[in-house]
Structure formats: C-alpha cells, structure tokens
Amino acid sequence: MQETLLQQGLDITLFGMGIVFTFLLLLVIGTGIMSRIITRYFPEAEPAAPAVGGQAAGDAHLRAVIQAAIEQHRKNKRR
Amino acid sequence: MENLINLWQSSGAYQMAAGQFVMIVVGLLLLFLAINKKFEPLLLVPIGFGGILANIPGADLSLSAAEAALAGGDPRVLLQMAQLLGAEQLESAYAFESALKEALGNAPAALQLRAEQVALDAGYSNGMLYNFYSVAIASGAAPLVIFMGVGAMTDFGPLLGNPRTLFLGAAAQFGIFATVLGAVGLSVAGIMDFSIADAAAIGIIGGADGPTAIYVSSLLAPDLLGAIAVAAYSYMALVPLIQPPIMRALTTPEERKIEMVQLRHVSKREKITFPLLLLILVALFLPDAAPLLGMFCFGNLMRECGVVSRLSDTAQNALINITTIFLGLSVGSKLAADKFLDPKTLGILALGIVAFAIGTAAGVLMAKLLNLVSKHKINPLIGSAGVSAVPMAARVSNKLGLEANPHNFLLMHAMGPNVAGVIGSAVAAGVMITMVRAMTG
Amino acid sequence: MENLINLWQSSGAYQMAAGQFVMIVVGLLLLFLAINKKFEPLLLVPIGFGGILANIPGADLSLSAAEAALAGGDPRVLLQMAQLLGAEQLESAYAFESALKEALGNAPAALQLRAEQVALDAGYSNGMLYNFYSVAIASGAAPLVIFMGVGAMTDFGPLLGNPRTLFLGAAAQFGIFATVLGAVGLSVAGIMDFSIADAAAIGIIGGADGPTAIYVSSLLAPDLLGAIAVAAYSYMALVPLIQPPIMRALTTPEERKIEMVQLRHVSKREKITFPLLLLILVALFLPDAAPLLGMFCFGNLMRECGVVSRLSDTAQNALINITTIFLGLSVGSKLAADKFLDPKTLGILALGIVAFAIGTAAGVLMAKLLNLVSKHKINPLIGSAGVSAVPMAARVSNKLGLEANPHNFLLMHAMGPNVAGVIGSAVAAGVMITMVRAMTG
Amino acid sequence: MENLINLWQSSGAYQMAAGQFVMIVVGLLLLFLAINKKFEPLLLVPIGFGGILANIPGADLSLSAAEAALAGGDPRVLLQMAQLLGAEQLESAYAFESALKEALGNAPAALQLRAEQVALDAGYSNGMLYNFYSVAIASGAAPLVIFMGVGAMTDFGPLLGNPRTLFLGAAAQFGIFATVLGAVGLSVAGIMDFSIADAAAIGIIGGADGPTAIYVSSLLAPDLLGAIAVAAYSYMALVPLIQPPIMRALTTPEERKIEMVQLRHVSKREKITFPLLLLILVALFLPDAAPLLGMFCFGNLMRECGVVSRLSDTAQNALINITTIFLGLSVGSKLAADKFLDPKTLGILALGIVAFAIGTAAGVLMAKLLNLVSKHKINPLIGSAGVSAVPMAARVSNKLGLEANPHNFLLMHAMGPNVAGVIGSAVAAGVMITMVRAMTG
Amino acid sequence: MQETLLQQGLDITLFGMGIVFTFLLLLVIGTGIMSRIITRYFPEAEPAAPAVGGQAAGDAHLRAVIQAAIEQHRKNKRR
Amino acid sequence: MQETLLQQGLDITLFGMGIVFTFLLLLVIGTGIMSRIITRYFPEAEPAAPAVGGQAAGDAHLRAVIQAAIEQHRKNKRR
C-alpha cells in the first residue's frame, strides 16, 4: 500500500509535468501560428476601436457639457 | 443511554471549547494579518471572519442539519440516526458520537438524505455557513465564477508579445508536483497520513492561485480545504519575502542586469483569438481542465471582444465581489476546530512553503535554460513570476531587476510568465483531478 | 369523488376570489403608501407588488408544486396525495381539501418529498414566488445578507463616543417583550389564538428592524411573516407620527432643552476593533444571536477595516439591492389571502403599534433614569431612538430637540442609541429563538 | 456485458466526436457573428461559448450526475441504473445505452432521485453547465429576472401617447401562431416530427423576444431550447435585413411618407399607473401570463415610481448582467450535439424566419387597416415594429421612413408598437402554455 | 392522431390570436380611461421630473460645476 | 395549558430583558476598556483617515469643487 502510494505520487509527478509542458508547448506553437496568420492576413486597419456601452453614454454626457460650456463662452464673448 | 450521552457531553464539551478557542484566536490572527499587514485582505478578511463564526460554540453555523442533530446529542435523535446508519451496537459514549459522525460522512447518498430528513423532523436545520459552503463551493460554482472574473481582468498582451514565457509558467508548476512527492514521502515515512488525494490537493498550493486551490481541494480533499486555502493565500501574500533570497541565490548579478527587448504591439484580434485558441486546445487535449480554463477563457473573451463590455464590467466588479464574500465565508466554515486542529495542518503549512520555494526556483532555472538556446535573452528574474500569485510575483521580479540595474523595468515582461502560471496551474489541476479519480474511484 | 371535488370547486372558488380581491386591494394600498407617502419604499414596493402577484387567482405563484396540486383539484392526484399522507378517510369535500393541506404542512420531511414528487410527476411545479421564498427567506439567507449590508452602512462612531447610549438601546427593547406579554394575554383572554412562538414573532415588531423581524418570524411563525413584515415596515415609516406625542408626554420642556457635550473623536482603530469585540462577546455569551450579529459585525468590519473597500461597496450596493428585491417579493408571497386574511393579522397590527409606543417610552424613561446617576446629562429625547428604525427615529429626536431649543442638534447623539437599538433587538431575537425552541421543541 | 459496453464505446465514441466537432464549429460561428457582425452579442457571446463548453468531449459539463454515469459507461453502474429504471432486458449495446437514457428522462421524480443518488455514490457529479441550467432556466428564474430588468429599461411613454399602437403589437403576434400552424403542417405532412408542445415553443420565436422564447421553450420543449434561442436571437439581429423588403412590398411610397402627429406629453402619474393597470388586467383575465408580465410590470413600476431608484438601477445593471451571463451559458448547455444536431433544428431555423416575416407583414397590414377607420393616420412602416425586437425594429421603421421622407422621424412613434409587441408576445406565451398543458397534461 | 395535431394547432391559433387581440383591446380601453381620469382629476403640478438615477445625475452635476468653475477661472484671467 | 402559555410569556420577558441588559452592560464595559487601551497604547499617528466608499469620496470632490467655485466667485466680487 505504501509503495503503491509512492508509485502513485511518482506517476502524478511524471505524467503531470509532462502534460503541463506538452500542453504549454502546444499553446506556444498555436499562439505563434495564430499571431503570424493574424498579423499577415488580418492586420488591423485602424487603431483600437473605442469602448462600447455605458462608457460611450458617459462620453456623450461629457460632450454635452463641454458643448454647453462652449455655447456659454460664445455668448459671453458676444456681449 | 441518557447517562451515556450526559457523560459524553460533560467530557467532550470542554475539549471542544478548547479547540474552538484556539481557532477563534487563529481567526483573529488571520484578520490581523489581512488588515494590518495587508495579507490578501479580499480573501483573508472573509476567511478569518468565517473561521471565527464557524467556531462559536453552540451556534453550529458550519454544520448540516444532520451534523447539528449529532452535535445536539438528544438521545432519541441519536438512536434514530444510529439505527438509520447501522451503527447502533457501539458501546462507549465518545466512540458512539464519533462513529455516528463517520458513518454519516461515509453513508450513501440515499441514507444521507434520510438522515437529513430525520434531523429536519427533529427541528434542526442547516447552519448559515453550511448553506453558503454548499452553494458556493460544494457545487464548484464560486471558484469558477472567480476564475471568470480573473479572466476578465487579465491582459494576455505581454504573454502574446513573448509566448516563450509560457515555458516559465510551465516550469514553475514543478513546485506543485514536488510537493505532491513531499506529501507522499511524509506518508511513506509514517510522519503524516496523507492519501494520494490529500497529497494532490496539498500540492496545488504550489500553484499560487487561490481559486484553483479551493476548486481542487473541494473535489479531492474537502476536509483539508480550510488549511489549504489559508496556506495558499498566506504564502501568496508572503511572496515578497519568500522569493527574493531564492532568486538571488540562483542568479549572477550579470544575469539580473539583462535588459529585455521591448515587447511588440499585440493587435486586438490576437487578443480576441487567444482565449478561443486556448479553449480549443483544452477541448482537444485536456477536457479535465475544461471547467477552470473554460470559465477563465470566457471571462477573457468577454473582456477582449469589446461588444459585451457591460457583462465584462459586471464580471470584474459586482459579480466577483459578491462571489468573493461568500467564497471567503464558506472557506472559513472549514476552519472548524475538528477539521483544522489536526497534525495534517502543520504538514500542509510546511509543505506549502516548500512548494512556493521550489516553484520559484524552477521558474528561474527554466529562464536560464531558455537563455542557452535563444537569441533574445530573458532576464531570469522573471522566471519566478511563473508561480502566478498575480501580480505580486511580477512586482517582485521588477523590484529585483531595478536593484540590479536602475534602468531595467521588468514588470511588463514578468506579466507574461505571471499569467502563464495561472494557465499552468489550471492545467496541472485538471491533470491531477483526473489521475487521482482514476486511482481512487 | 369527482362530484365531491366539483362541489368544492364551485363553493370554494368564489370565496377564494373574494379574499384574493381584498388582498389585491391591500397590495395596491401598500404601493400607494410606499410611492405617494414614501413609507419605506425600498421594501414596501416589492412587498406590495409581491402581494398582488401572490393573489392572482389560478396563477399559484406562491404555492409549492404539492400545494399547487392540491389547489388544482384533479381527483386522481388528490387521492394519491391522500393515500400518501394517510388522510383518505375524510368525508366532506371541503374538509378533504383543507385536511390534506394541513396533513401536507405537518408531514415529516420524507413524506413531503414524496408529495412533491407526486406533484411533479402530475405536471405541477413550484410557483415563482415560492422559489424566491425558499431561496431568500426559508434558507435564512436574505435577511442575513441585508443585515451584512446594514452593518457595512453603519457608523458606530457616535455609539463609541458615548457607550452609555447602549443602555437606551437596551431599554427600548422592552417594547418587544411587553408585546410578547400582550400577545400571550390576548390568547389567555381567549380573544386571539397565538402560540408562544407566534407571540415571540409578533413581539419582534417592537424591535423596529425589518430584517430581524423577517428572520425571527421565518423561524418561529412563517405563516404570520407577511403580516409581521408589513406591520414592522409600516410602523417604521410611521415613527414620525407615533413617537413625538409619547416623547412630549414623558419629558419636561427643560429636559428637552438639555444640550449634550460634543462627542469625542473616535479613532479608526476603535471602529475596527468594535465589531470584533461585539463578535467575541456574542461567541462567549450569546451563540443564538450569532447569525444576525455575526453578519452585522462582518459587514461593519468590511466597512471599517479599509482594506476591502470593493467588497464593502458591493455589500452596500449591488448585493443589498438584489437581495432587497427578492426579499420583498418573497415577503409578498406570504400575503396570500388564506394566510393574511385572518383575525390574527388584526391582532398583529394592533400589538405592533403598542410595541412601538412602549419601546419609545422605555427608551425615554431610561434616559431620564441615567440622568439621575450621570454627570454629563443625556437629553431624554434621544432615548426614543433606541427602538432602532434607523435613521428615522434619530431624526425625530433631532426635530423635537430643535423645537425645544433651536441650537440643539441631537442627530449625532441620537445615532448612538439608534444603532444600539439594532444590536439590542438582534440580541432579543437570539434569546427568543432559543427560548421558544426549548419550549416547543 | 463488458464486451458489450466496450463495443458501444468504440462505435459511439467516434460518432459523438463528429457531432461535437460540428457543434464546436457552430459555437465558433455564433461567436463570430456576435463579435464581428454585432449579432445580439450580449446573449450570443455567452450562448456560443457555452455551446463550445457543452461539446468538449469527456468533460460532461452539460450532463447531470446520472447522465454522466450513463455516459461514463462503467458496466456496474449501468447495470445498477438499468435495474433501477426497469430497463435491464435490453440486448444490443447501443440500444441499451440509448434506452437507459430515455428511461432516465421519462422516469418519475422519485426514480430520478434514486438514479441521481446511485450516480453520486459512484463518484459522478453534476456538470457545471447543468447546474447553471438548473438554477437559471429550469427554475424559470433567469428569464423572469431579465424580463424584470427589461421592464425597468422600458419607457411606455410613446405607447401611452398613442395607445392604438397596441393593436400593431397584437397583429404582429400572428407571426407566432402562423408558425405554430406551419410546424403542425410539417408534422402532418410527415416532413418533421413536432408535437403540439414543440410547435408552440417554435412559434414563440415569432415573438422576437429572447427571454419569452427561452421561458416558453424551457416549459414546453426543453430539448429544443438551444435551437429556439439561437434562432430567436439570430433573427432579431437580422431584423434590418429581414424586414425592409417586406415593408416596402406592402406599402406605397405615399403611405411611407405619412408624417405622424407629435406625441402628446405623458404625465409621470400615467406612467406609474400603467404597469399597475396592466397587472390588474393580467390578474383578472390572463393568470397564465402572470409570471412574465408580472415581473415586467414590477420592473417598470420600480423605474417609474421614482422612490426606489437604487433597486431600479440594480435591476437594469448588476442584476440583469449577472443573469445574462448565466442565462447565456445555460442556453449554451442545450447546444450539446445530441440535442442540436437533429433535423428538427433545420425545421426550427426555417420556421423561425417565416415567423418573423409573417409577423412583420401582419403588423404593417394592421396599420393600413387602422388607417381605414382613423382620423390621425398611422405611417404603416411603424407596424413592423410590433414584432418587438426592441429597439432594432423601431430603428428599421425610422430608417425606411427617412428614406421616403427626409423630415419624417418615426423612431418615437415606432417605440409604441415596439413595446406593445413585448406585451403581445408575453400574452401569447401565457395562452399557449395553458392550452398546451391542457392538451398534453 | 395527426388530424388531432392539426386540430390542436388550429385551436391554439384561433384562441390565441383571439385572446391576444381581446386582451390588448381591453388594455387600449383601460389605458384610455386611465389617462383621461389622471389628466382630468390628478393633473401634474410641476413639469415632468428629471431623469431617475442618482449616479448619472451626480456626474452631470459634477461636470456642470467643474465647467462653471473653469469658465469663472477663464473669465477672471481675461479681465 | 393557558396558564403555561402565560408562564412562558413571563419567562421570555424576564429572561429576555435580563439578557439584553446584561449583554449590553458587558458591551458597555468591553467598549470602555477597549477604547481606553487603544487610546493609551495604540494611538493614531495621523488624524482620522477620510471616509471609505466611492459615494462619500465623490461628495468630497464635489464639495471641494463647489468650494473652489465659491472662492472664485467671492474673489471676483471683491475685485
């Protein structure tokens, strides 16, 4: 039983490290291929797109406020 | 029968109280470390507090209804339970109680349900922390949801800019397996009594990744979960103390001065494709890691795809925070005295720190090995970041790099092995769960 | 058999509909009070709406699958249920239906599971509100999570600056116990039929603390939960009307003019230590209050410790809001006509307002008593804040103080007894749960 | 017996893998549509990802413990299951496995529990996605919570300003019922094999409302849920392609140029009263639609009443986002190959697009019909918005209006039928659930 | 059986469309009555309340205040 | 039985109030000792930290900005 436990521990260690390395090796290879394909065939046209969603709405508010400020500014100048 | 029970009560109560008192002090110590020393407070505050709650005598917060019925000690209920579980011929009072508890733990599912029903009919109910544990951890949900949130917070850019750093994340997992061997060795030497499942769960501490450690130990060794989670988070907090001496011992000043080439720009499309690539590889070769890595990739895809930012925000904030609160309290429920105050806990604490040290060393040595065959040299200080402990380990690499060369900013370079370490330990977790199940099932 | 069932249907249906109509009007009234009169809208909007949903005839939203099967009245299913529950010899149709319902409610857990399975096989399923109730309230989780959020919103500074105000919070709990006596008295006099468990659950209305009231009544008197929760929240909203006459009657104008000394500065460390001190005292002396006060202290520790502010924010916002929505709808499920339209509800409403009045008086009188033995005088107007009803009661104290003396700002002073009242009623809840269980178990 | 099982494994494994491979590609396609083509990404990203996870061979993420035990193929466990389910006399290996699966699906609730217990004792556990599905969809909770959030996001102002548009929302539901007839016709013609429950669940695609479709199919045809949800969300995303040709074909340029009168101002009180009015009508006449419309009205009341804005905010953000994540993954679990790769899926996809087309046409024609009897003319382009698909369909109406007449802004006018379509399909859902249950129960 | 299925489909269609129209007709009528009662007997004193949602409102306020402060600052400099 | 109910009610009241007062008395004593120990042996180096929680922080910002605006306004008037 105790020898078996040791055997089990060794099995887990050997198989485990083996699979970890094999899997990450595959991932390195896959990542390399993926990056090369994307860089060559699907390059980015424009720089990173702006964030979607709530952020945008916030921006709209901000823009509205800035707009209002500009309006105010122009009125002041006219006076 | 009644005298017998009374006897047990009068004898057991004091011992219980002693263990519970110690555990309340342990809980306070964890809170002190979390609050005053900033030891991973997001987890250790709930864990420490949950640990105190679990040890309030008479409150039974971490017990199921059936366990509470056993602890309640009403002789009629005990007898009913004993008949149910086929444990009625026992003699001494103490043996009776503990034999019932064991019989309950080992009973088939149908009998456990019956015991639960008997307890409910007798007016007992599941404790608050027991319910939290069932929903959050026994179901496996909370660690996976946290992993999804971590995925949504992770930027794979540095790793994609330099995929070789994945090997550093692989090497650092040697800490896990060395610890498994260590635990097995302690058992073979007769010092501790760890099963292979225990050993595997203890080893995962070396992954330096909290949710992975909780997930694995909830499956393989639920009774050790409290000690393993406490060890994992404490040592992650101690990374700035544990790693530097090992890193200095294994590198020359010249190696520590190596400046790495600027990371290339990584496109949005690569970042979107990476979690899918990882998922496909998992699906093809490593189904056992599918829950952990699947949720991690899902979180990361939500982050990078740019069209579900409201889901990604929620995964990174409200959802992960809610889950953390209940996960922490649930882990605390496993700090009940009878589970934590066990020689095994000392073994776990001792093995855990060895795991961190070995993982750190393996990462550094792998970096030196890679340098033997690469054109672009890697500063071996970033190898230690392969243990994960995101982002603490990467910061340690950066700090030692600046000590050696004030113009050497390693932080972004170290983030590559750092996140690779998360993947690596999830892979190791998947492998160990499958192998242990095949060995014990 | 079929005719029998048909008969029942034709007779019972109209009655049901009448009760349900009344309850829908009650639900609309609660919504009116919540929306137009701002009566504790965060709870009363979901409770009122849930009450309407629970009374939609034929929708069975608040019934379990087994209850829905009984209500469905399919003779084959009814017979199967009757055989299962050993209630098949009954004769009259109406007696049959109601006897089955009672048999189902009293059946041991194993039989209830069988009845559930029979109902599922017959195509019935749990109603939406029944599911919400099971998860949110029957498990005990929702009131505890709300209590955690309340803890995270509570500033114990004023209480720590003047700990004597804890006595005011203690005295105001007399409202709870006087109401228990009142409920018992009504039963002894034969006017109502409250058990000791009912009486205890009704008394807790005097604690003026919603989650505590829901938690206690879910354990001791689930059938009264709807009426108790409605009474508790309504009277909390009515505090500005209920309290002032009592406060004026029991104090002289001179007493109302008393200006209190400025509160001392309370350090961060005291604020961090206080929830732990309270937790330790609970662990040592009052394990029965551990769930409520444990979660309360946990929330407060998250608030004060300063290292888990993202968890504290979530506990105070997303988590408490989500829980409030489901808690409110679940409470509404207990406004089903057959549970709410009962003479007991009138008794509860009458006793509840007495409880508030007595609690208020006891707090004021205790303040006057303390003044007999203290150097620094307490303005007795802050005594009424001891009933909790945070922060309404403290505002009432402040308002009456300003009326008497335009320079007398009592708000911060009244926050001390106000939060003390929360602790006091949680303590009272713990005591009552234990004593009632010992008496009835 | 062992050979028998081995035989099955070697034959079945390859087939399984083929189906799973196809489904992983389908999952990737859904992700591509969601991310690159912005097809309803909030749902299709989680659904697509969940679909991939559900098809990872050997991970069994979408199986219950009992199903996983069957899939595991351990002969002892299979035999135990077979004895339990009374299916032990079967001969061929493949028939054995599939007969067991069917027996498990049809077993009464008590036997299913026993099978679950056998599987748990044999070391199997519920898959992650199975758990998510049970909690989110099988309980009915997630679609209802989403509906509450949608209610909290909906402004009934445009509808209240012009209530006639409710008729447009009614007419567009003809798409639903025409599809039911279509599905029945395919069955009668022997081309497909849809039951009446299947037909009703498929019809609801024409409601163009995701949560309603998921809710109905979870009740009536859980096995078709994956295909129905995918069809519903995909076609909702395709509304800008599907609708315009139909709208142009059925209207003259003059009709498309009709300018509508400015909507009147709708007061706050009308907006508060409307969800209550709708609820009362549901309670009086349509209890079967109570869960869906009840939660919808509850969300809308929280939005409009103005006194619970923190609950309304949470319902519109954290809560709906969390629910969407788990709903999507759960729907994905129904994309397992054995459920999705079925001729029925093709039928569903074909019928779904017909449903959208007919609904669009019916809405437009109803607008023309209304114009025959009204003083204030309706631009028939807003009729198509009656299918719901909020707010996409309203935008399509607006776009075509601007094409015909550059000063014709129809957006706000189209929002009336658009939200009316949500009510209309919830009503249709309620009717169909009741009628199908009466037919099959 | 197949005839029955067809019959069932027709039943669902006829009853279904009937109930959908009847219910929405009731809703149209109810809405009309409700709107008239409210407009006549419970008219709003003030104009429509501002949008719900403390956060957004707070942010808007904050921005407005900042804007005002900046305006003030610029005016001061110009003078 | 009814006498018993009354007895039970009295028991709960007496024990209940007793325990509530005893417990809160212990808490008063404990709090006093705790405060004295902390004030004497672990005094705070710096003044009280600012309140936690985004809302409060936001308010503080808001107040600071308003304060700045008012200051500016007063300066303007003085000129």
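Each chain gets a letter, A, B, C, D, E and F, in the order it is written, and its residues are counted from 1.
As a working rule, contacts are C-beta pairs under 8 Å (C-beta built on N, C-alpha and C of every residue); 3 or more make two chains touch, one makes a residue touch a chain.
The UniProt protein names, listed by chain, are A, E, F = Probable oxaloacetate decarboxylase gamma chain; B, C, D = Oxaloacetate decarboxylase beta chain.
Note that the coordinates shown come from a computational prediction; the quantities given were computed from them, not determined experimentally.
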Any chain that touches chain F and chain B: C
Same-site or different-site touching of chain B by its copy chain C, using the half cut: different
Angle of rotation relating chain B to chain D [CA atoms, steps of 5 degrees]: 120
Inter-centroid spacing, chain F versus chain A (mean Cα positions, whole Å): 43
Approximate Å spacing (C-alpha centroids) for the pair chain E, chain F: 41
Mean-CA-position distance for chain C and chain A (Å): 47
Chain F residues counted as touching two or more neighbouring chains: none
Per-residue overlap in chain B, given as positions that touch at least 2 other chains: 306-307, 310, 313, 318
For the chain C and chain D complex, residues of the former touching the latter: 24, 28, 31, 34-35, 38, 41-42, 45-46, 49, 52-53, 55-59, 61, 114, 116-118, 120-121, 123, 125-126, 128, 131-132, 317-318, 321-322, 324-325, 329
Interfacial residue positions of chain D with respect to chain C in the complex: 108-110, 113, 139-141, 144, 148, 272, 276, 279-280, 282-283, 287-288, 290-291, 294-295, 297-298, 301-302, 305-308, 310-311, 313-315, 318-319, 437, 441
Complex contacts: residues of chain F adjacent to chain C: 2, 5-6, 8-13, 15-17, 19-21, 23-28, 30-32, 34-35, 38-39, 42-44, 48-49, 52-54
Chain E contact footprint on chain D (complex, rising order): 160, 163-164, 166-167, 169-170, 173-174, 176-178, 180-181, 183-185, 187-188, 195-196, 199-200, 265-270, 273-274, 277-278, 281, 285-286, 303, 306, 309-310, 312-313, 420, 423-424, 427-428, 431-432, 435-436, 439
